[in-house]
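Chain nomenclature is as follows: A, B, C and D, assigned in order of appearance, with residue numbering initiated at 1 for each chain independently.
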Amino acid sequence: MDTETTVNTHVTSKASSRGLARMVARVGQIRELGLLAVLGVVVAFVGVQEPRFLALSNIEQILQSIAIIAIVAVGETLVILSRNVDLSVGSIVGLSAFASADLLKGNPSLNLWLVFFFGCLLGAVLGAINGVLISYAGIPSIVVTLGTLNIYRGIDFAIAQGSQVNAYDVPESFLSIAANRILGIPLLIGVAAVIAIVASYLLRFSRQGRQVYAIGSNPDAAEIIGIRKARIVFSTFLLSGLLSGLAGVLWASRFALVDSHAASGLELLVIAAVVVGGVNINGGTGSILGAMLGTIILGTIQSGLEILRFSPFWLQAIYGAAILIAVTLDAVITRRVGRLLTERRLR
Amino acid sequence: MTPAQPLVELRDITKRFGDVEVLHHVSFQLFAGEVHALVGENGAGKSTLVKILAGVYAPDSGSILLDGEPVILHNPSQAQRLGFAVIHQQPSLFPDLDVAENIYMGRQPLGRFGRVDWGLMYRETNALLQRLDAHFDARTPVRSLSIADQQLIEIAKALSMETRLLVMDEPTAALSAREVEDLFAIVRQLRAQGVAILFISHRFEEIFDIADRVTVLRDGAHILTKPVGELTQAETVSAMVGREMSALFPKQEAAIGSVILEVRGLTRAGEFRDVSFQVRQGEILGFAGLVGAGRTEVARAVFGITQPEAGTILLGGQEVHFSSPTEAMRHRIAYVPEDRYQHGLVREFPIVSNVTLPIWQSLSNWLGIIDQRRERAIATDYYNRLRIRATGIGQLAQSLSGGNQQKVVIAKWLATNPRVLILDEPTRGIDIGAKAEVHRLISQLATEGMAIIMISSELPEVLAMSDRILAMHEGRVTGEFNRNEADQERVMFAAMGQVTDGH
Amino acid sequence: MKIVRSALRRLDIWDILLVALLIAILVMGSIQTPYFLNATSFSLMFSNFSEKSIMILAMMLIIIVGEIDLSVASILGLSSAILGFLFAAGWPLWLAMLAALISGGLAGLFNGLLVTRVGLPSLVVTLGTLALFRGAAYIVLGDRGISNYPDAFTQFGYGTIPGTLIPWTFLVFAALTAIIALVLHGSWVGRQLYAIGNNREAARFAGIPVARIKLLLFVVSGLVAALAGIIFTARFSSSRADNAVGFELDVITVVLLGGVNIFGGRGTLLGVLLALCTVGALRSALGLADYPDQVQSIIVGILLIASTLGPNLVRRVQDAILRRRVAPEQTLLQRSTP
Amino acid sequence: GGTAGGTSGGKLDIAFLPKAINNPYFDSAAGGAKKAADELKGTFKQVGPSQANAADQVPFIQTLTQQQVSAIVVSANDPNALAPALKQAQSKGIKVVSYDSDVAHDARSIFVNQASTEDIGRTEVQVLGAQLNYTGEIAILSAASTATNQNAWIDYMKQELSLPKYSNMKLVKVAYGNDDDQTSYNQTQALVQAYPNLKGIISPTTVGIAAAARYLEANGLSGKIALTGLGTPNGLRKYVKDGTIKQFELWDVGHLGYLAYYAAAALVQGKITGKEGDTFTAGTLGSYTVGKDGEVLLGKPTVFDSANIDQFNF
C-alpha cells in the first residue's frame, strides 16, 4: 500500500568502512540464511518427535505437494518484486486446469505436449489481459486482478456448467505425468526446480531482471532513467499468467478430478508463501530462492502439524500464526541490523 | 573559445501543463566545452526545460538540434543514447539496490550469452567512485547513503556514460562546500574534454565561480544569455526577478528575552551525543555544520519525532518529554522539515488545506465541523504575507514549484503560532527573491518574540541571520559563537571537526 | 445541508457513471422482471447486505488511510463463534454479544498493533490474521453449529420494523452511515484521514497522530466486523466457524467500486454508497431474472476494472479536448504509451 | 407448517435450490427432476450460489418467493440458517420440500431423504470392516467440518464402531477435505504420513473419495489401504477397475431429484400436506409414504463394485 518512492536514508555512512558496507550488502543473503534456519528449526522440531518425518519418501511427498504452489509462486514473486500483486492466479490455475482437462476429455488422442501448450497459452493470454490493463491503461494491479479473479472464475463456471472431468475421462498417460520420474526425481518437483532456477538466473543476470527490481524499488525513477516500465510490468504479469497456466495443467494431471472450483483461494496461499519468503510486498527486495524457501517452510509446517497429529481445528490458526511470526521476525531482524549499522557509524 | 556550431540548440521551446504555459518560446545554444548556467526564480521553468532535454517531457512546440540536426527525444533512453546525461533535481535512485546497479541500471555491461557481468560492473564502478573520491564502494546499498552521497551517485552515473551534454539540476543544493569543490573539479575536467554542461543553481558564488555563460529564465520566458564576464550579480538578479533587489539578508535587531528552550546533554546513539544549547525569546540560533552533521536529528528529537536516549529538554524551565510531534506542538514548538516533498506537504491537497493542516482541530466547532470561512481567511493571509506565487489558495501543492512549496510549508507552521520555530534548511532550493522574503520573515518573527532555530548548510546565511551560532560535527557540538565573534573561518573550522572554545 | 452540498460538489466522473449505471439497472430490471421494482424487493436487497454494508463503511475508512484489512470476514466468523459458544454455555445473550464485540475489538487491536508498532504492511498482517482468526473460530466451535437462538434475536436479524418493510438491521447501517458522513466529510478527523492517506509522513510531521489513528481504525474495523458477526448470527440464527468465508473480497470490491483509491487518500462516502446500491440492485435484478451467479461475478469484476478505467479514459478525452491541467504522472504516461 | 392455503391452482412451477450449482451431484438430481417435470407437464428450474454457503442461499429463497413459484425444493447448507427465509416463503403460500440435506423441520413440509442417515453411516463401517477383517486403524475423510450430512453420518459410524465386533478397529482421525480436490488430496497424504499403520479410509463425500483414490493409486497404495465411501460411478470407475476401491455406495441421484419433484408436486396440488402417513405416487418409482417428521425415504443405496459399475452412467 506504500507509495513512497523517495530514497529513504535511515542509515548513514559518513564514516563507514568497506567492511561495514560489505556487511550491509550481505543483509540480503542473511535473510535467506534466516529462512533456512527457520526451516531447520521446524524440521528438527518435528523430526525429533516423529523420526518418520525425516524419511526421504516423506520429504519427497512434502515437496510434491507444494510443487504446484511453488510454480505459481515464482510468477507471483516477479509480480510482487515490481511493486504489484496478482490476485487472479488461483482463477487462472482453475480455468487452465478445467479447460485443458476438458480439451483432453473431448479429444483423448491429443498429443500431451499440445495440452500443455494450450494450458500455458491460455494462462499467458489471461496474464496478458491483466498486464495490458495494468501497464497500458494505468489501473492499479490490485484492482485489476481482484476484478479478473472474479471474471476468470466466472468464465470457468460458465464453461464448466457443473460438469467435472474425472480420472476416467482422460488418458492414463496424462495422469501419470505428475507421477513420472526423471533421473529419479519426481517430474513435478523437477519442473518446479527448473523454473525456479531459470527465473533466479534471469532475475540476477539479465538486464530486464534487474529492471524488475529497479521498478519495484522506485517506479518513478525507473521511468525517468528510461526503463520501459510498462513493458516490463506487462511481462511479469504475462509470465505469472503463463506459469499459472502451466500449473493448471499439472493440477489437472495430479488431482485427476477437476471441476470449476479447482484452486479457488490459491492466491492467498501463494502470496503468503512469497511474503514469508522475505519478498517485500512493496517490491524491490526479495528473491526467488527466498520465495521457494517460504513455500517450503509453510508446506513443512503444514505437513509437520499433520504428522504430529494436531487436531484439524488447530491447523489453520497455527498456520496463520506461523505467517505472522515469520514476517515479524524478518522485520525485527532487518531493523536490528539497520540499527546496528547506525550505531557503528559514529563511534 | 566557442566553436561556431553549437552542440545543442533549443529553438522556440514551448511547454504547457493543462492551460498553464510554463515555457514560452525559449531559445538558446549550448556549445561544446562550456559551462552554461541556467538561472531563474522558483517556478521559472528550469526543471521543466531539463526534463525536456532528458526526454521525460515532450515540448508542445519548438525543436532541439544536436550538431545542427533536429532530434526528437521520445523517451529518456533515447536522450541517453544521444549522449545527454541528466542529473535531476530529485535524485532518481533505487534505494534497495547497490551503488553499481544504480549507476548502470538498464546499461549493465554484458558478458557472454548476454549475461550481466557483475564483476566488470563492480570494477568500473569502483574506478568511477575513486575518481570522485567517494568513501563508499560499489556494493553499498543506496538506502544507507546520505543525500549528499546519493547526489554523488547521480554524478557518477553521468560520468559513466558517453556524455556530450551534461545537465545538472541543482546538484549542489545538498552538498557541503568541500563536496561542491570536488564536483567543480570534475566539471572543469569534463569541460576540458569538450563536454557541454548545463548547470542550474540558486547560489551566485557557484555560478560566478564555474560558469562561462549564463541564461536567465523568468516566468518561462528567455530573458538573456550572456558571458559571465559581462554580467554582475545585481544585473542577474534584476533580470531574474524583473526589478531591482535590495539587501539580501535584511536582519533586524530583536529584543532578546529569557530562555525558552534549553537542551542538556541530548544523546541518541548513532545520531548525536551530548548536545546542549539554549534559545531565548527573540533570538535566532543558527546551526552550522556539514551535511550529515546530525543537526536534523537533533531537531527531530526536540520535536518528538524520535526520542532521545539521554539528556533533557526544558521548556520555560520545565522538563518536557515528547513522544510524538503532537505533544511538541501542544507546547507550541514547530518544525519545518528539510525534505518538504516527503515530510512537508500533502501533495494532493490544495494550498489552503496544507496551510491549515496542523490547526484543523482548533478551527472546528464542537461537532468537529471545520469553519471553512476562517480557514480560507487564514490561508489567504499567509498566502499574501509570504507572497506565494500560484493561481490561488485552491491550487494543489503538487503543481507548485519548489520555492513556493517551501513557502507553503513555512506558512503551515506559522499558522500554529509557535513559541519556538525550528527551520531545517529553510532556503534550500529557493530562489533569491523568495530567500530574501524568507529571511525577512524569519527576522520579523524574531522581533515578535519567537525563539528561532535555523539549521542551514549555507554558511553566509547562518552568519548573516543568527544571533548565536552552534557548529556541529559528526553528532557533537564543536563550537558556539556569538554574532560578533563569528566569522566564516572560525565557524567552518568548527564544523570540520576542530573543537574550538567559542567563548 | 452543508454536507449534502459539499458531497454533491464532490461528485466526480465515476460517481456520475455509477448513477447512470444504477438508473440503467433499475430500468432494465423493471423491464426484465415484474418483481423487481417494488418495496419488498428493495427491503430484501438491503437485508442481504446487512453485514457487508457496515463492513464496507469501516473498510472505506481503512483504505482511505492507505491500509487494508483482509481479516474482516474472519473476525466476523470468530465473533459469531464466540457468541455461539458462550450462548451455548449458558451465558445470557446480551453478555455473549458483548463478549463477541470485545473479541472483535481485540482482534482489530491485534491487527493494528502489528501494523503500527511492528511496522508490517497491513496487507501482510491481515493476510496472516485472515487465517489466524478463522482458525481461532474453528478452535472455539470446531464442527459444532449453534442455533436455537431466541426468536426476538432472529427477528432482529431477519425481520422488519413492524408496519414497514424496513429491516431492523438497516437502522444500524443508517446510524453508522450518518456518523461516518459527519466524521469523514465534515470534521477535521476526516480531513486527517485523507491527509494520512495522501502523505503519511507529512501528516505525522504536522502533528497528526498517525499511528494512533490507524490503530483506532483497525479497532473500529474489528468492532464493526464483530457487530456484523452478531447480525449475521441473528439473521441466520446460526453460529458456525465458517460463517461468512470470503466476504472480505466482496467488501473490498464495493469500496473500490465506489471510487476509493486503493493507495489511500481519495474516495467519498457518496461514491461508496452508490456502489453499494449498484451492486445490490445488480445482484437483485440478475437474480430475479434467473441469471446464474457466475454472470454476476463476471459483471462485478468488469465494473471493478471499469471503475478506474472509465474515469481514466474520460479524463484523457477531456484533456485532449479542453487541454485542462493534468497530474505529472499522467503526462509521463501519456507520452510513454503510444 | 405449510398448511396455509395458496395459489395452488394446479400450476406446477417448481424451483430447485441445491447447495451449490455447477456441482455434478446436483446436476444429476436436476436431470431426474426435469424428467418428472416433463411427465407432470410442470416447469422446472434450478438456481443457486456458486459456493456451497448458507448465506448465499438465502437471497435465492427470497428471489423465488418474490417470483411466486409454487414450490421450492432445497438442499440446505445449514439447517437453521435458511429457516427464517423459508418460513417467509411458506407464509406466502409456497410449498417447501428439502432434499439431500434437511432444514429445520418447521421450515419445510417434507424432507426427501436419499437414504436413512443411520443406514449410510453404519453400512460404510460394515463394508470397510469386512474388507479389513475387522482389524486395523481407520480414518474418515469428510467434507467441510461443518457439513451437516457428513457429521450426521459420522455420528452413526462412531456408534457402529463402538460395537464389540469392531474392537480391533480403531478410528484414528476425522480429517476434513472441504470438498476441494487439492485439500482432500493433501489430507489423504497427511493421513497416510501421520498414521503409518493406517489400513482403511471412509470418505462419505464424492469429492473426497475421488481425491483419496487418486492419491492411493498414484502412490502405489492401492490394495494396501482400503477405501470406501460415497461416490459417483463416473468419478470412481477407474479406481474400481484398477482395484483401489472394492466397493462404494450411492443412491441413484437422478431418482432423488425425481422423487423430490413428485413430492413437491403432490404438495402443490394439495394431494398431501406432509403429515405422517400421507401417501403419494412418484411416477415410475411407485408409491411413497410420508414417515415421521415429514420424512420420505428414497430407498436403499446402491452398492457399486466392479461387477455392476458399467451399468451406471452418472
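Note that in this section contacts are C-beta pairs under 8 Å (C-beta built on N, C-alpha and C of every residue); 3 or more make two chains touch, one makes a residue touch a chain.
Predicted, not measured: the structure shown is a model, and the values here were computed from it.
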item: Chain pair with more C-beta contacts, A-B versus C-D; value: A-B
item: Centroid spacing, where centroids are CA-atom means, of subunit C and subunit D in whole angstrom; value: 36
item: Length of the line joining the C-alpha centres of subunit B and subunit C, rounded to whole Å; value: 43
item: Euclidean distance of C-alpha centroids - subunit B vs subunit D, Å; value: 73
item: For subunit C, residues contacting two or more additional chains; value: 138, 142-143, 201, 241, 246, 292-294, 297, 332, 336
item: Per-residue multi-chain contacts in subunit B, two or more chains; value: 56, 75, 342
item: Multi-chain contact sites of subunit A, meaning residues that touch two or more partners; value: 4, 157, 220, 223, 228, 312-313
item: Inter-chain touch pairs (all); value: A-B, A-C, A-D, B-C, C-D
item: Complex interface listing, subunit D residues touching subunit A; value: 21-24, 26-27, 50-51, 145, 173-176, 180-182, 185-187, 189-191, 193-196, 207, 210-211, 213-214, 218, 234-235, 237-239
item: Subunit C-facing residues of subunit A, complex; value: 1-4, 85, 133, 136-140, 142-144, 146-151, 153-155, 157-158, 220, 223, 228-230, 265, 268, 271-272, 275, 281-282, 312-321, 323-324, 327-328, 331-332, 335
item: Residues of subunit C touching subunit A in the complex; value: 66-68, 114, 118-125, 127-136, 138-139, 142-143, 200-201, 241, 246, 249, 252-253, 256, 262-264, 292-295, 297-298, 300-305, 307-309, 312, 329-330, 332-333, 336-337
item: Subunit C contact footprint on subunit D (complex, rising order); value: 21-22, 45, 47-51, 53-56, 58-60, 62-63, 66-68, 78-85, 104, 144-146, 148, 151
item: Parts of subunit B lying in touch with subunit C, wherever the complex brings them together; value: 16-20, 56-58, 75, 305, 324-326, 328-329, 335, 337, 342-349, 353, 357-358, 360-361, 363-364, 367-370, 398-399, 412
